Structure formats: structure tokens, C-alpha cells
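Which chain is which? They are A, B, C, D and E, in the order written, and residues in each are numbered from 1.
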């Protein structure tokens, strides 16, 4: 367990999440992809903290990331609900009127 | 160093005002929500007054050096609050007595708070949470109009915001990891020893993240959609006010970076891409709001130019602030015209406007020519000084690109002005009955006049922006 | 005093806009009155004018504007600007008189022209690059609305072309200004300071690039070949007063920039690139004259002669950059001629455009073929037009001769090869006489039948302009006494 | 040693569960997989001696996934168990981008000469964190509070289409509230 | 130098100019015009006398390095009175003819005369050019006086443009003088630096040749005959053509100082005298004949200037002025009465109107060089100088004078031909150019007689003792004098030729009849190519140069068109042609904005990754 290995795992999680964000059609699934990216970020931040700078401010960063994850998720549910109610759509492809 | 929470009085006022609007709104009947509007106005004016008082004092830092209370923050506070004030006037027409009126004000005040926090952030973590605070209310605001386009715009804005929020956090994580600190003061010292590749990656992440708030390349995709899909009030707000905080945040951030990172080139590329893409894409639009949306993308490009010169030219910061001020009033004037004529969703509908509504047409003329950068509007002074700053900072080519893009932009603005000033002809009779909304029309005229006045009185403005 | 001169028309314009209930006739006469008052003020300035110290300005006014970039509200006149200011005031008064018969939205027209007058006067007295640019750009906006609002024919198109083209030029100019600012130490936009400092000396590449930007900007506005193509359509579709102002005043903004900005501030680059300017000038002279010769539309023809006449100026200022030991006098003469030409062309071409406007007013066309023998029904028109034509082709006793003689003697003395530009005055002579012959002489036919002769307002607008040109042509000293010291000063600056 | 083995095991679980999110053919299973991935990462954080954050992560994510499941059933009307799902687009581009970014990130992680550790972790991390939050980073937490408030307001505004005026009338005097399904707050 | 003299010099120029200008512009001055103009002309004559005796000089500052300076030296002292004297006579004659718009006519004539006087007295190059070009413009207005005829307007245009072409030489000369550093005063020109002096001389030479209708510019003089006869009388005698010769006389020191210019001038003058003499012989129209003879006679003056005999040239110029004014006025009188100027129509006119006829006979004999009339002596003064330079030149001069005898003889024969009674009716009914009046008025006869006297006696200028006086007055150096032998030879030749012409038919070759084809050549080689070039450039301007700009603008406006504005239909055409790069770029810029969120994501990620790579690479 070194910094490099931790970061490698984090990178893998981030990339898997990115794949999901790019490839999923359903809004909620895209959100899951984003969550997974944040998951990788948490791991990376924890790794950095432990191996490079075990400073209390690094812990605050982790809390901020978790907060961001939570509030983004909450907003995501709200937006998805709203989209579903107004447009009867739950996929990003079904909401592509605005273009050009 | 200390807490000195009183230095954040304007921010507190804004946030508490938002809470007050929210709670107060629960108790007023639908027709009397204008009370909340008055409350919001009072809050904004109070915040501006508090900011003005602090502006007179020396530069300080609050909360253990994580928040800068200096001229820049002061100017940003006033600009942001004033911009929101102008936006409220549009709201007086559009959403008065609608069911969500007080919530709208609350969200506007929250977003305003977030924007100010962004502008004053002197710490990566404050920057990150400021980003969240400035973004999240916007998703709600965009979705407020219960239309299909509004919902789509909210969804796209949200997803773009989430992705770029992650990029921002990634950058923050890396920087904090390699330095063990998040405050700018410490970062400036420690980043010189940090591995350059990591710093480069983090720089891209943070700048790109802030580009979402500013609405520039590569995170510009939501801007035209939101400008078109959202209501007039919200469209005006989100294309104007958050940019102020975001650009100042970018400015503060790049000053931290060591010279081993060629951040200036990165910002320059984003600037050129934004202005060029925004201008070209605006070219074919027929919806005035969408056209303005693209135009704001290009304006972000122009606004990034002084950031390129940050640290290399004394002109960089004052020119950025002056340009922001000019851009704010001018852009609000243009949006206010569209808000005053909500039925006119095609450029052609503006035909013969000069004859029917000379004042509104004059406001449109001043606003659009101002956005082009025609003297003596404030944007001209901004464009001039930013280009000068870029040249002064050894980015002469960027200055040339600025002016080439200015010519490009002239095309589509003229496409809007020309029909407005054309003589009346057949086919315009139908739209003649539409009378502009009063508050929006007044706002348009006032903002246009301010744009002119700010250009003429650029000296005092400049002095204000450049005081240390 | 200068501020009063500059902003009096603007104030009047605002007043006109703010009084929508004002009748048409009072608006027209108010315009005339304000223009006359402004001219009177200019006369006072002229009477009180004393040659300023070299590099200095008379009637200087200065106030901080954007101190951060060392740009101030700085006004002043010297031997270059004072004649142009006077000419501007005269032309706008003539336009005001001419427009006394305007029926189409006279109040708005008066306001717009008063605005344009302020802008034009402001440009010529500006002693700060940014102030100069502000007026430069606003003149474009104002003229756009003149053409688009009161023009005829394909006016939308012409106006748009005018706007885009000249706006492009103005931005090139601005790029150059910024280059000057950045190069100057300390950074400043102040014209006298920049002229004194001559930034970019010793940096040929940077100096050349900055000069190129400025030259392109000025060349578009002047216009010289090959940047002139906006001019003919703009003139053809502009109203008579618009054309008079466009040709008389707005074109001078470009040429004025040569002697006010490009030459004194970038002497080294100017010397290095003088031949380019000369070639552009010579080509403009000959090309403009030849293309004018081929026109069948009178107004288009006069528009192209403007290209020709502006070419003389480019030629002269280019020749002034060929610094050699014993040619100081010749170069001074050339520059004096160039500035005289600005005044002369303003008066004469302004008058010609006002006169030609009568054709469209009466018969709706500028085609020469549609007229013939017009001298019979309209003798006054024929007389004035013929006088204007002779004045424009450089006949002695008119200001044009004074200008062209000095331009040619000065330029040819410095660079003998420029004598080929003399072909220009020959072709100009031929084309004007041909036009007079086609339109005014011969059998009375076509639209000439029943043509109404000039009205008093038309006579009293174009006539005084020609008379003034005659006075300058016979008694040039009062004008040349003002210009010559400034020319000598700028030649000295270029020789640094 | 044991930490190493458990780290690697958890790493494999986290990544595989993450990949499973987009592989399984029902949204409910996807959210379970995501929860597993989060829990694995949470445990890894614990392995990295950050008890508080690790626990918070695990708790938050479990709660969140529960919410998500509820959300999907209630709002989207989906049967979480049965809904077959293959809703992807631009798969190849997405895969390329993901692989590319992984290569870049991994290269960065391996090749960058990371600096040496600055100083030792505080003895009582949780206490230090608390002091940090109440001290230098107070503003961060204050703003986080504001973010929460804003999220609640914005979320409600978006998600709830009925307003108080729908329930109590324009003058807020209507009693009882006009709800489609009676009961709840304001009764 | 008294103030009176200086004032008279100013007035000499200003008075006719001012009166003329006022008359030309005045609308209702037809009643007072004749007395006013004659009064002004007479006053001018008096002033010229004062000026000629007092020899004043005046100057006011004009342009940098050159004053507006007038001076009356010996040469001008001869020329100015000549101009001032011919003018009232011609005006008096014109008063007898009834033109429409007499005010304009007299006004322009006075202007013309004033500019000639100014030319004669000009002391600096700018002053000279000033007068020189106004003279050209006035001639344009006068030749095209009957403006309803397009042909006459074209004639004026030809005259003006041709002479202005030559005038460009003066511009060049002025520039060279400025560059040479010798100053712009005419008297200082020989003192300029050597290299530039050649240019000055060449420029002045070209200008003078143009005005004097010397080769190759002669053709404009033929076209100038379209003007009224009094105009021709003034233009040929004293005002315009003469001034060309006069200028060369004035700058004779400069020509000499260059070394080559004198010779070139002499030979050009000789060639003109010879060839245009032949042209004159071939003419069938009286005014055309006289015109060609003017060019030929001025050839002698030019020869004189080149050969260095200023006095002889001046004498010839003055004598020729009287002679030619006389003949043109006579021709004008017959044109008015008979309505024709073709030689065949003028048979026996001298018999019908003896006073005019005898006067014209004196003029024609003088033109022929019959002793002892004026041109005989003056011409020989020129030829004597030519002989001193080269015998070949002298030979050419003799042939040229023989030709002048031939064409003068041709006129004489026609004038005195007896017309058989049965053909007289036909001869009188010509009325080709205009309706004849059938009578010669007193106004027309008086000037003719006065001029006849002058034509007869002015030869004294070239004969002792006056010759010596004149020579000292006008020139610094001594010129060779004509020996009695030479005088006798030329008189004999003239007499013989006149007699031969009376007997034999004169050949009229086509090349000579058509003025050597000069105008055609000018049209073919200069005018038409210029016009074609102009048309081609105009097309280039519209279609090529404008296109680039058009493309951008049209593409912009296309959008307005697209959105449904019918009134913008004019754009369609432009757009079809110029749908250029900007449009494509504009569309290209839309492509990324697909509306598909995952594509936005992909683009954003790619941009960010590229940004990172860029920064890493540029580290």
C-alpha cells in the first residue's frame, strides 16, 4: 500500500465513473457515474493526506468532497424529478431540443 | 490573523436576507409577495452600503487568512449586489405574484452570496464551497419556469455543473495533497517546489471548473441553453452575476501559481476559444436570448484576457474590474430589452422597434453597440484596457485576436440592430400592439444609460478599481 | 472654449431629441442657428490663435479621464487641426442650410447631424489617442444612421458595408494605439507626449507592425486603394448632406491621422515604410481617376475622385518620409500641400455632393445619360457645378490648385518618380469636363426637361463653400501661415 | 501485511463493484453495486487511518443509496428488480475517453515524483479536525451550511410542483390544506 | 518705381479679371455689358502703357518659397500692351456681332485677356502656372461658348486637356526648381543646380510647346476653331498660343544654360513651321488655314527663342499678333455676313466689302512675307539668328517662309477672284455654318482697319533703328541681324511664291489636310487606351476588389434574409455568389452544440485532457 497504488485505484474508480457519465442515458445513471468519480476522488484525497500531508485541513477537504457529493446528489434527484414531471423524460437524449 | 467575522457583514446580510425572504415568503399572501421583493432590495442595498464602508478601509483578511476583504472583493460585492438589484427590477414584471416569487428571491440571494464568496475566496476549500453555493441555487432558478425547455436547461446546467465541480475538486485535492495546505498565502510559497505536472493538472481542473461558473470554453455548453430556456429574470442573472465571482476567482487563483506552469497560455487559449466560438455560434441565432447567451460566451473570452496578464501588468486587475462593471450593466441592458418584450422570441419581431418604442430601441442600440465595444460605453473602456493589459503582459497577439473577434461580433449584433432601426413596413402591424413591460423597459434604459455613464466616468471607476 | 465648440452641437442635439413636440421648421432653423453659432465660435478661436511652441497646442484643455492608462480628456489645436476644425464647422453649416428643405424627419436629421458635428470637431481637437478613437468610432455610428435613415437606393446594404469596413479599420487603428501606449515609457495615450517620446524608435520590427496597424486603419477611413470599395456605394446611396459630410469631413479623419499620429509618433517606421505609402498614394491617384473616368453615375464619379484626391495626400505625406539632407523645404511644402488639400477637398467636394444631390431630388437619378443640356433650364445649377468641377480638377484660383501644386512640387522634388501621379490631374480634368458636357450641354433632353433650377437654400449652401475655396485659392496666405509652422514641425519630427 | 492484503482486496471490490454499476441490467442493482464500491472505499479510508471520514463516507453512502432506491421506486415508477436496462450511447467514445483518462491519471500517479511526507498526523485526528473546523476552516463550514440550506430550497422548488398557495389558497387562509392525499404537515 | 506704376500693374490684371468674373456670373447685365467691358479693356490698355514705361514689379507672399510676383521687364513691356491693345479691338468687333448671352461672352473674354496679361507679367513659376491654367480654362469656356453643340464642347475639352497635358511640364518644372534650390522665380531658374536645371528646362519646354500648338500638340488648335471668331482672333494673336512662344522667349537664358534645350527648341520650332506650313497650304477652310498658319508662325517664334534672338522673336510675335487678329476678324466678319468660312464660298469677298477686303489683303500680304510689311522683317530677324546656328536650319526656315507665302497667296487669290455673275447667287447662298446677315457693321470694320495699319508697320520692330532699341530693352546679349541680302532673298521668295500660287493650283495632300493625323494618333494611342483602361479598372473595382468585402457583408445579411424578410431579397443574389468562409465557420461553430449532453461531456473531457497535456508539455 503506497501512494502510487492508492492513486492507481482511485484513477481506476474515476475512469470507470467517467465511462458511466459519458455512456449512460438515464439521468440517474449519469449521476451514479459522477458519484463514482467522486468516490475515486475521496480515495485519492485520503491517500494524499496519509502519504504526503497528514494535516487537519486535508480532512476538511474530504468533508467538503462528501458534502459536494451529497448536495449534488440531492439536486440531481430534484432535477430528475422536475424533468420527469415536466417532460415525461428520464433520459438525457429525450431532452435535446435546445441546440445550435 | 483572526476570525474577524464582521468583515463578512455583506455576505452575512445577503445570506440572512435570503433566509428571511424564504421564511417571510411563507407568511405573505401570493399577491403581496412584493413585500419580499422590497425586503430583498433593502438587503441588497444594505450589503452594498456595508461593502462600500469596508471598501474605504484597508485591505484585510478574515477567518485566518481564508477570505480576502480587499478592493477587489469590495468592488465585486457592490457589482454583484447591484447587478442583482437590476435583475430584481425585471422580476417585478415577470414573476410578480407568481407562486414561487419569494423562493426565487431567496435563491437569488443565496446565489449572490455564493458569487461573492467566490470572489473573495483566498483558500481552495472556500473556493470549492463558494462554487457549490453559487451553482446550486441556479439549477433551481433555471427550472423555475415550468416549461420543457426550462427543465431541459436545468438538467443540462446541473449535469455540466456536477462534472466541472468534480474537476474543480480534483484540482483542489491534488494541490492540497502536494502542498498540505489550502490557503493561497501558503500555496504561493509551497507550489514552487511541488511537482510541476501535478500542478499543471490541478490548474487545468480548477480553471476549467471555474469556467463553468463563468460560462466559457470548455464548460460553455449550458450557457445558450439556459439563456434560452430559463425565464428572463433568471437568464439575465445567470449570464451576468456569477461571472463576476468566477472571473475574480480565476484571477486570484492564477496569481498563486508558480511560473513553472504556463497557466497564462492556458487561460489565453480558453479566452480565444471562448470569444471565437461564442461569436461564430451567435452568428446564426434567431432567438434573441440565445444570441445573447452565445454573446456572453464570447464576452467571457474577452474577460479572460486581463487574467492572462495577471501579475505581468499593473493594468490587469483594474481593467478586469472595470470590464466586469461595464459588462454587467451593458449585458443587463440587453437582456432587459428582451425581458421587456417577452413575446418577441425572434429577431425579426424587433422590426421597426425604433419607431414604436424609441427609448427601448435606443437602450438596445447602446447595449448592443456597447457589447461590441463601441466608445464611449463602459465595455469599450474595458476592452481597451484589457487588450492593453494583455499587450503589456507580452501577449500582443491576444490583443489583436480581441479586436479581430470584436469585428466578428459586430455582425450578429448588427443583425439585431438593423431591423430595429429599419423603417416600418408591412408585416409589423401585428406586433405593434405589444406594449413593453414597464419595469423591464425602465431597467433597460437605466442600465444602458449607466453603461454610457460608466464609460464617460471611467476615470473615477478606474481609480476605485485600482486602489490598493 | 474648445469644449464649448465641440459639445455645443451635442447639447443642441440632445435638446432636439428631448423635445419631440418641436415642429419641423423650428428644428431645421435651430440646426442652422446652432451650426452658425458654432462657426462663429470657431472664428473667435481662429482670430485668437497664436502659433504654439513646437510640439505644443493652443487653447489647450485637459482633465483626467482614465488616469490608470494615462488617458486624459485633452484638447488643443495647432496648425493642422485648426483649419480642419474651421472647415468642419463651415461644411456642417452648409449642410444645415441645404437641409432647410428636408421633408423626411427633419428633427431627427438635425439631431443626428449635430451629433456628427460634435464628433467630427472633437476628433480634430483631440490630443489623446483614446479620445481620438472615441470620436473616430462614433463618427462611424453616426454616419451609419445617416445613410441607413435618409439614404436611397440600396441604402441598407451600403450602410452596413460602410459600418463593417470602417469599423474594421478603426479596430486596426486601436491595435496600433495600444502598441504605441505599451511602447511608450512611461505608458501614455497622450498625443503630444507620444510625439515627443517617439516610442518604438530603434525597434524596426515592432515599429513596422504598429505602423502597419495604424496605416491600415487610416487607409480604410481615408480611403486609399485597395481599401476604398466601401466609399462608392456609401456615397451613391447616402443623402446629399450625408455625402457632403462623409466626403468633406469624415474622410479627413483618416488623412489627419497621418500627420497627427503616424508621422510624428513613429518617425523611424514612417521613414522605413515611406515608399509603401507613396506607392499606395500614386496608385490611388491614378486608379481613382481612371475608375472615376469610367463611371456613368455622377455621384459615383465624384466619389471615386475622392479616392484620387486622397491619394495626393497619401503621396505627399509619404514623400515627407523620404528624409534626405537638403529636401527639408520640399518635404515641408508637400506636407503643407497635403493639409491644404484636406481643407480644399472638404470644401469643394462637399459643395459638389450638395449640388449633385439636386439631381436626385428633382429627377431621382444620378445617371449622366438621363440628362443633357441641363444648362438651359437650370443655369445657376450649371454654373455652380461647372465652377465646382473646375475647382475640383485643380484649376488655379481655387484652393485645390494651392494644395496640389504644393503636393506635386514637394513630392516630385523629393522623389522625381512620383511625377507619374501628375497623370491624375489630367484624367480628373478630362472626366469632369466630360461630365459637365454630358449633363449640362448639348440639346436639352431626358430628365432635363422641366428641371427646376436651384432653390435659395441650395445656392446658399454650395455657393459659399465654392466661394471660400476661391478665396483660399487667391489669398492662401492666412491659411498657409497657420499650416506651415506645423508642417515644418512634423517634418522635423519625422527627420529625427 | 494484513493491511496490504485487505487494501488490495478492497481495491478489487471497489473497482469491480464500480464497473458493475454500469454492467448490471437493473437500476436497483446498479445502486447496490455503487453502495458496495463506496463501502469498500470507506474501509480503505479507514485503513489509511482516517476513522472519522471513513465512517462518515460509509454511513452517508448507505443512506444515499437507500434514498436512491426509494426514489426510483416512488418517483420513477420503476420496479427495481425486474427492469431490464441497456440504455447507453456513444459507448465506444466513452470507453476510449475512460481508458485514455485512466492511462493519463495512472501515468501521473506513478511517474510524478511525489514529495516527501511533510509531518506526522496529529495524535487525535478527530479532535484536530474539530479544531480545524472551528478555527481556520470555520468559514468553509459556514458556507457549507449555507450550501445545505440552498440545496434544500432549490431541491424543493424543483421537485415539488405544489406550493403553499396550492394548498392554502392565495391568501394562505384556506383550512384545511387542499392536498390530493390528505394528511401530513399543516394539518 | 512709383506706387502708381505698381498699382497699375496690379490693376492691369485684377481689373479685367474682376469685371470679367462679375460679367460672366451676372444674370441680367446684357444691356450694360458692352460699355462696361469696352471701358474695362480700354482702361487696361491705358494701364498697360503706364506699366510698359514704368517697368514696375510687385509681389505678395503666396506659397512657401515662392511669392505671387508680377514684373514688367522689357519683354513684358512689349507683350503686355500688345495683349491690352488687341483685346479692346476684338471686343469692339464682338460687339458688332449678336451673340446670345453677351455678358458671359465678354466676361470670359476679359478673364482670358487678364490671364494672358498675368502670364506675360508672371515672375515666378507658381504665378505663371496660375495664369497659365486659368488661360486654358477660359479658352475651354470660350471655345465651347455655344454649349448646345456637343461638337464645340468637345473641341473645348480637347483644347483644354491637350494643353493641360503639356502644362504638367510646368508642375514638374516647379518641382525641379524647388529641388534644385535656385528658387521658383523665373529669373533665378538658370541658377539652379545643373541636374535639376535640365528637368526645369524640359518641363517648361513641353508646357510652352503645348500652348503654342507646336508639334506634336498642334491638333488642338484645329479643334479650337469651333469657337466664335473673336475668340480665335484673341486666342491666336495675343492670348494663348502666343503665350507659348512668349514663355520660351522669357526663359531663353535657361534654355541656353542647359546646352541642349536651345537646339532642341530651335529644331522643334523649325519643324512646326515647316510641317504646319504645309498643313496650312492644304486647308480648304479659311479658319483652319489660319489656325495652321498660326502654329507655323509660332514655329518661327520658338525658333527665335531657341536660337537666342529674343528681340527678333518678340518682334515676330507682336507683328504676328496684329496680322493674325486682323485676318481672324476679317474671317469672322465674312462668316457673320456670308455664313461660311470655306474658301470656295469666299470667292471675291474683297470686292464686295472693299474696306475689310483691303485690310485683309494687307494682312495676307504681311503673312506672306511681302516687303515691306511687318512679318517680312521680323521673320528675317529670326532667320538671321537661325543661320548663325546652322545653315540647315536657315534652309528649313526659308522653305517654311515660302510655305507661308503659299498659303497667304491662297487666301489672296480667293479673296480677289472674280466671280461670274451667274454663279454669284450660288456663291452667296452658302450659309453653311450659320445664317449669314449679309452686312458688315461699323463695329466690325473699325478694328479691322486699325489692325491692318498695325500689321503693315510693325515691321519696324525688326528694322533699324527700332531693332536696336528693342534688342537692348528685351535682351541682354546681341543677336545677329539680318543682312540686306537675306532680307532681299526672303522678300523675293515670298513674291515669287505668291505669284506662282496665283497661277498654279496648290497641292492639297491628304496628310496635310488632316493636320498630319495628329488628333487621330492622340485618340488612337492615348485617349482610347485610357478610356478602355478606365472601364476595365472600373469593372475590376466592382467585381474583384469589392467582392472580398461583399462576401463578408453579404454573408452577415443573409441571416436577416433567412429569417423571412421579404424586403431583403436583394441579398439573395449576393448571397448565392458570396456564400463564403464566414458562413461555413458559423455553421461549423454550431456543430458542437448538438443538444446531446453526453456529447458535451465528451467534448469537455477532451478539451480538459488536451489542456493538461499542453501544460505538461510546455512545462
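We adopt the following convention: contacts are C-beta pairs under 8 Å (C-beta built on N, C-alpha and C of every residue); 3 or more make two chains touch, one makes a residue touch a chain.
Owing to the predicted nature of the structure, the values given are computational and were not obtained by experimental measurement.
Participant: Give me the set of chains touching chain A intersected with the set touching chain E.
Facilitator: Touches both chain A and chain E: B, D.
Participant: Strictly by the touch rule at the top, which chains does chain A share as contacts with chain D?
Facilitator: Touching chain A as well as chain D, we find B, E.
Participant: As a test of understanding: of all chains, whose mean C-alpha position lies farthest from that of chain B?
Facilitator: Looking at centroid distances, E is the chain farthest away.
Participant: What chain is the most remote from chain D, judged by the mean position of CA atoms in each chain?
Facilitator: Centre of mass proxy via C-alpha means gives E as farthest from chain D.
Participant: Contact counts by the stated rule: is the higher one at B-C or A-B?
Facilitator: A-B
Participant: How many Å are there between the centre of chain D and the centre of chain E, using C-alpha atoms for each centre?
Facilitator: 100
Participant: Taking each chain's centre as the mean of its CA atoms, how far is chain B from chain D in angstrom?
Facilitator: 30
Participant: If you average the CA atoms of chain C and of chain D, how far apart do the two points sit, in angstrom?
Facilitator: Here chain C and chain D have centroids separated by 70 Å.
Participant: When the C-alpha atoms of chain B and chain E are each averaged to a single point, how far apart are the two points in Å?
Facilitator: Chain B and chain E have C-alpha centres separated by 74 Å.
Participant: Which residues belonging to chain C are in contact with no fewer than two other chains?
Facilitator: As it turns out, chain C has residues touching two or more other chains at 156, 160, 164.
Participant: Enumerate the residues of chain D that touch no fewer than two other chains.
Facilitator: In chain D, the residues touching two or more other chains are 89-90, 93-94, 97, 101, 108, 114-115, 118, 136-137, 140, 144, 147, 151, 154-155, 157-158, 161.
Participant: Mark out which residues of chain B touch at least two other chains, giving numbers and ranges.
Facilitator: 125, 129, 132, 136, 139-140, 143, 146, 154-156, 159, 163, 178, 180, 197, 201, 224, 281, 284, 411, 414, 418
Participant: I'd like to see which chains touch which, written out pair by pair.
Facilitator: Pairs flagged as touching, ordered by label: A-B, A-D, A-E, B-C, B-D, B-E, C-E, D-E.
Participant: For chain D, which residues count as touching chain E in their complex?
Facilitator: For this pair, the touching residues of chain D are 89-90, 93-94, 97, 100-101, 104.
Participant: In the complex, go through chain B and note every residue touching chain E.
Facilitator: Touching chain E from chain B are residues 155-156, 159-160, 163-164, 167, 196-197, 200-201, 203-205, 208, 217-219, 221, 224, 260-263, 265-266, 269-270, 277, 280-281, 283-284, 286, 346-348, 351, 411-412, 414-415, 418-419, 425, 427.
Participant: Inside the complex, what are the residues of chain A that reach chain E?
Facilitator: Checking each residue of chain A against chain E gives 18, 21-25, 30, 92-93, 95-100.
Participant: Which part of chain E faces chain A closely enough to touch in the complex?
Facilitator: Chain E residues touching chain A: 590, 593-598, 601-602, 605.
Participant: Enumerate the contact residues on chain E facing chain B in the complex.
Facilitator: Listed in rising order, the residues of chain E that touch chain B are 556-557, 559-560, 563-567, 582, 585-590, 592-593, 597, 600-601, 603-604, 607-608, 611-612, 614-616, 618-619.
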